[in-house]
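Chain naming follows the written order as A, B, C and D, and within any one chain the residues start at number 1.
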Amino acid sequence: MELKNKKWSQEQFFKVREEILNHWPTGKDVNLEDAAEYLKKVPEHKSFPAKLKKAKEEGITLAQPRAGVALVEDHINLLTYLQNEGEADLLPSTIDSYTRQNRYNECEVGLEESRKAGRSMLNGFPAVNHGVEGCRRVFEAVNLPLQARHGTPDARLLSEIIHASGWTSNEGGGISYNIPYAKSVSLEKTILDWQYCDRLAGLYEEMGISLNREPFGPLTGTLVPPSVSNAVAIIEGLLAAEQGVRNLTLGYGQCGNLVQDVAAMRALEEQANEYFKMYGYDVYLTTVFHQWMGGFPQDESKAFGVISWGSATAALAGATKVIVKTPHEAVGIPTKEANAAGIKATKQTLNLLRGQRLPMSKELEEEIKLIKAETKCILDKVFEVGNGDLAVGAVKAFELGILDIPFAPSKYNAGKILPARDNNGAVRILEFGNIPFTKEIKDFHRSLLEARAKVENREVGFQMVVDDIYAVGKGFLVGRPNL
Amino acid sequence: MELKNKKWSQEQFFKVREEILNHWPTGKDVNLEDAAEYLKKVPEHKSFPAKLKKAKEEGITLAQPRAGVALVEDHINLLTYLQNEGEADLLPSTIDSYTRQNRYNECEVGLEESRKAGRSMLNGFPAVNHGVEGCRRVFEAVNLPLQARHGTPDARLLSEIIHASGWTSNEGGGISYNIPYAKSVSLEKTILDWQYCDRLAGLYEEMGISLNREPFGPLTGTLVPPSVSNAVAIIEGLLAAEQGVRNLTLGYGQCGNLVQDVAAMRALEEQANEYFKMYGYDVYLTTVFHQWMGGFPQDESKAFGVISWGSATAALAGATKVIVKTPHEAVGIPTKEANAAGIKATKQTLNLLRGQRLPMSKELEEEIKLIKAETKCILDKVFEVGNGDLAVGAVKAFELGILDIPFAPSKYNAGKILPARDNNGAVRILEFGNIPFTKEIKDFHRSLLEARAKVENREVGFQMVVDDIYAVGKGFLVGRPNL
Amino acid sequence: MSKTIILGVIGADCHAVGNKILDRAFSDAGFNVINIGVMCSQEEFINAAIETNADAIIVSSLYGHGEIDCRGLREKCEEAGLKDILLYAGGNLVVGKQDWSEVEKRFKEMGFNRVYPPGTSPEIGIKDLKNDLGL
Amino acid sequence: MSKTIILGVIGADCHAVGNKILDRAFSDAGFNVINIGVMCSQEEFINAAIETNADAIIVSSLYGHGEIDCRGLREKCEEAGLKDILLYAGGNLVVGKQDWSEVEKRFKEMGFNRVYPPGTSPEIGIKDLKNDLGL
């Protein structure tokens, strides 16, 4: 199939669908009519779009953890604990890494070993292996909206199964679930495969069922400049909208400088809405802020400091929801208690800050303007190299390094840009690769990094980047040479 | 002695001193010359003024816990733990409540019982009973500057002992350690007694020894409007400066609304410096921000949220130091581990935010202007009723309700003003008593509270106040009727 | 007829916020509240109870010295002829985080009828008091 | 002569940041680093080691599946003739917070020479490797 940013025809979709449902035995239990009927009965308090809309209208920020274990019963226990003890507002099911690679046979091994070992040997919930039956059991056991969160380049069967099970949101996108999550899967393929997932959500939308889609904002979660992640988020939002998605949550991962983080969130929401309008899409847009995605301090008290600061930023930015880290972040997958603790610290901070926003200032205004200008530089070029087609343009833009995500594992990513923090901790760019910024913008970045270098009495260079990556594990935002 | 805001003569001071040193047997071990010699040997890293100055110049915020137990050895263990494990920047010795009432006999009972019980039966360190010998043992065992933190209306003997022991800072003031801490001690007396403490610090200053003095900013710590606590802080600062104090830290307790809190800190520093200049005092001024002083959530994860948000506000306000709460706050005096945990969460947040400030905005500018205008209304009237004498004026102002601190236990406090939060959580005034604000300012407060009442669909009234007091224990800043 | 209670904060404790809240809550619940404020000695509680023929003494302690301060209060009440008076205590009664059931046990052994942990809502005390007074 | 090491992230794990940092750190320390990147099978590690006549294989695993992914690697190395090759593993090797000494023990029993907990600085691995290689 030729890649184009054009709504798939019914024929195209159902032809592919037939094949997809045969990828694993549980696929045969997915029935679109039955699923639609099931989804129509989802009560409002368990619907992602409904709960997000309510939160946005009331100006509050919802808290959502990450969580997933191998077995259905254990997963239900985990989620109900996070719901009841953790006071989560939205629930996830984090999908395990084998499922993300469509290695369902290995999931079976993991399930078997988990049963034997009495503890989860998978790092998430293998939703495809559990099928509609298992996923519905999970959905029916909880009292909150449920979302699949993963990192799956080809999530077509997974998406079929989770939506048919009443899960009203699906995270991912053709870029954001490829470049940071895969090594050698082509972008053409993942954009096509996510067009399928989007078209599926669009089909339900056409049947009167509102489903939420959420491109993965933070990408590699490590020193990603806001304009780079915002450009990807807007592209994925537009691609999803073309396939009929009407309820979108666009996201951003905390960089750590308050003004930059708030500016990034505001720029993202405003600019995305401008693009939706420009291209004639009717989309209800909400936002998600990811707490610090980089290295965490080992000490749990310190981790609470990182978590709470992320929550405060989310509130001050007016995010519709925030994705929560846990005090076990530095050591791996958290216990359910640690997970709940992270949510509680988050909710406390959100509640204290309810209604408070970072007031507009010269600094905030200029940062918003900068991020929007940079994002527009990138998007203009993407449309240009795609001859007006956004899907084609995205693929070409990665080839050419116009889109370039720092620290991404994919060989389809140029990996030429190098970010580093300025003296205030805001993420700037040290080496631009082929990112199509104006000279003025590039000079501005450079001047900010030079200012930091002067303070630190060293040259601008790669060591700054390494220092910045290690810094938060040591407690700081900016990797000063003497830490 | 007649109360006047005038530097005590040597004669006056030493006459009173003779009597003071006889209040309890340990007083006889205080020798001014010996003390001066001891203090001159305090290394820079153990000097409060030196460490505060360094922090202010570097633009960083220092973290200081509260801590104190009955016995010297246990107290040393506690402080060294907070220093080494907790990573505190400054150390306290919180003084027990019997000492605060000069009930040294009861301290003896408490010390005896603590030895028997194997746990502290006093809620702090009885520095007077331990005398110079015990206090110096503590000072010599630690590696950081040490401060007495208490709430003692008559701290004359205590101040003599702690300064003679190398403790280079003393918290308190004639108003701030009376009105919130005593029931029926006259203001004349406590202002005179704190003139003594200030004169003592001034004497050392004249001998070339820099000591830090810190009036207690948060007062009752419960919905105190910023202009009320700022007015008291500036009065106590001026009274201290008159007695020769040259190194002052003025403080403020977090109210919870970011813009108001930052505005209060900026207004305090700027306005205090204006007054020092106006009255010809040469004072090195630093600031202290107190994390949330009101009710705390029982849940420790939630407490971390409150602690971290206070730390973030301190950093964004550019406070020189922050006084740290602990995750045990809701249940009483913390274990040393909980105390260290509070410091670590605080330091992590401070470090992440190092160098970041809340940028100036219209909202911040207007809030600073409002707080300064209110503070000036109060201070003008205090000078007026004192016929130009600030000490006399302060006493009269409390009599007349010009100075009036919400929820204070003292019978010398009018207790007529009633504060409540506006819709954004900022503390405003509901009933003004005799606070001498202009009609314009009063109308502005009223309009903000009416706006909240409208949102909550109820009348402005006392129930709002009660709801606000209980709110943070339940997780929220504003006490909405449906919590 | 309205029942009379003595409300106060014992010892060298100057925490006034909760005292003002309890005053209002018990008053609103129909009790005749004699609020002797903060920093009250055992004698002040007892004298106030005798003078007003009170039905209960409600002792707050927020600063951790409650155990020392409250010791002997029941005995002194009995000596003063307040034989059946209800004694309630609440707040942060002891220094540090201790097992609550242990703390409750110690205070009950000291003759308190009801003992409340930190953060107890006034409504709970009001309900208990109405119950204990047969209202 | 410079020693050669194979660096990679095993299994279905795509964490690339640490991999890029380790690459630079070991290179800077004078090793000839063959970085096979993320998402590598056991076979990819072994083939790379044979091709380059490597002295050590350094396996990262950040996503919790390390225990399953690393099982049998030592045996496969021996079958492939890599008899004395050093095997190091580090990262978030297991799902959840487990006692580190237990985890270390399991990996040592699986034939790993060195095992590192999360957050280990590259300098430590470099020092150990120099030591183990007699440099």
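Here, contacts are C-beta pairs under 8 Å (C-beta built on N, C-alpha and C of every residue); 3 or more make two chains touch, one makes a residue touch a chain.
Every value quoted in this text rests on a predicted model; they were computed, and no experiment measured them.
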item: Inter-chain centre distance, subunit B versus subunit C - centres from mean C-alpha coordinates, in Å; value: 29
item: Separation of subunit A from subunit C, taking each centre as the mean of its C-alpha atoms, in whole Å; value: 54
item: Centre-to-centre distance between subunit D and subunit C (centres being mean Cα positions), rounded to whole Å; value: 65
item: Junction residues of subunit A - those touching two or more other chains; value: none
item: Chain-level touch network, classified as line, ring, star, complete or other; value: line
item: Chains touching one another, given as label pairs in label order; value: A-B, A-D, B-C
item: Residues of subunit D that touch subunit A when the two form their complex; value: 11-17, 19-21, 24, 37-39, 63-65, 67-68, 92, 94-97, 117-119
item: Subunit B residues within the subunit C interface of the complex; value: 97-98, 100-101, 103, 106, 109-110, 113, 119-123, 151, 180-183, 220, 222, 294-295, 298, 328, 330-335, 338, 407-409, 462, 466, 469-470, 473
item: Residues of subunit A touching subunit B in the complex; value: 256-259, 297, 299-309, 311-312, 316, 340-342, 344-349, 351-356, 358-364, 423-425, 472, 475-478
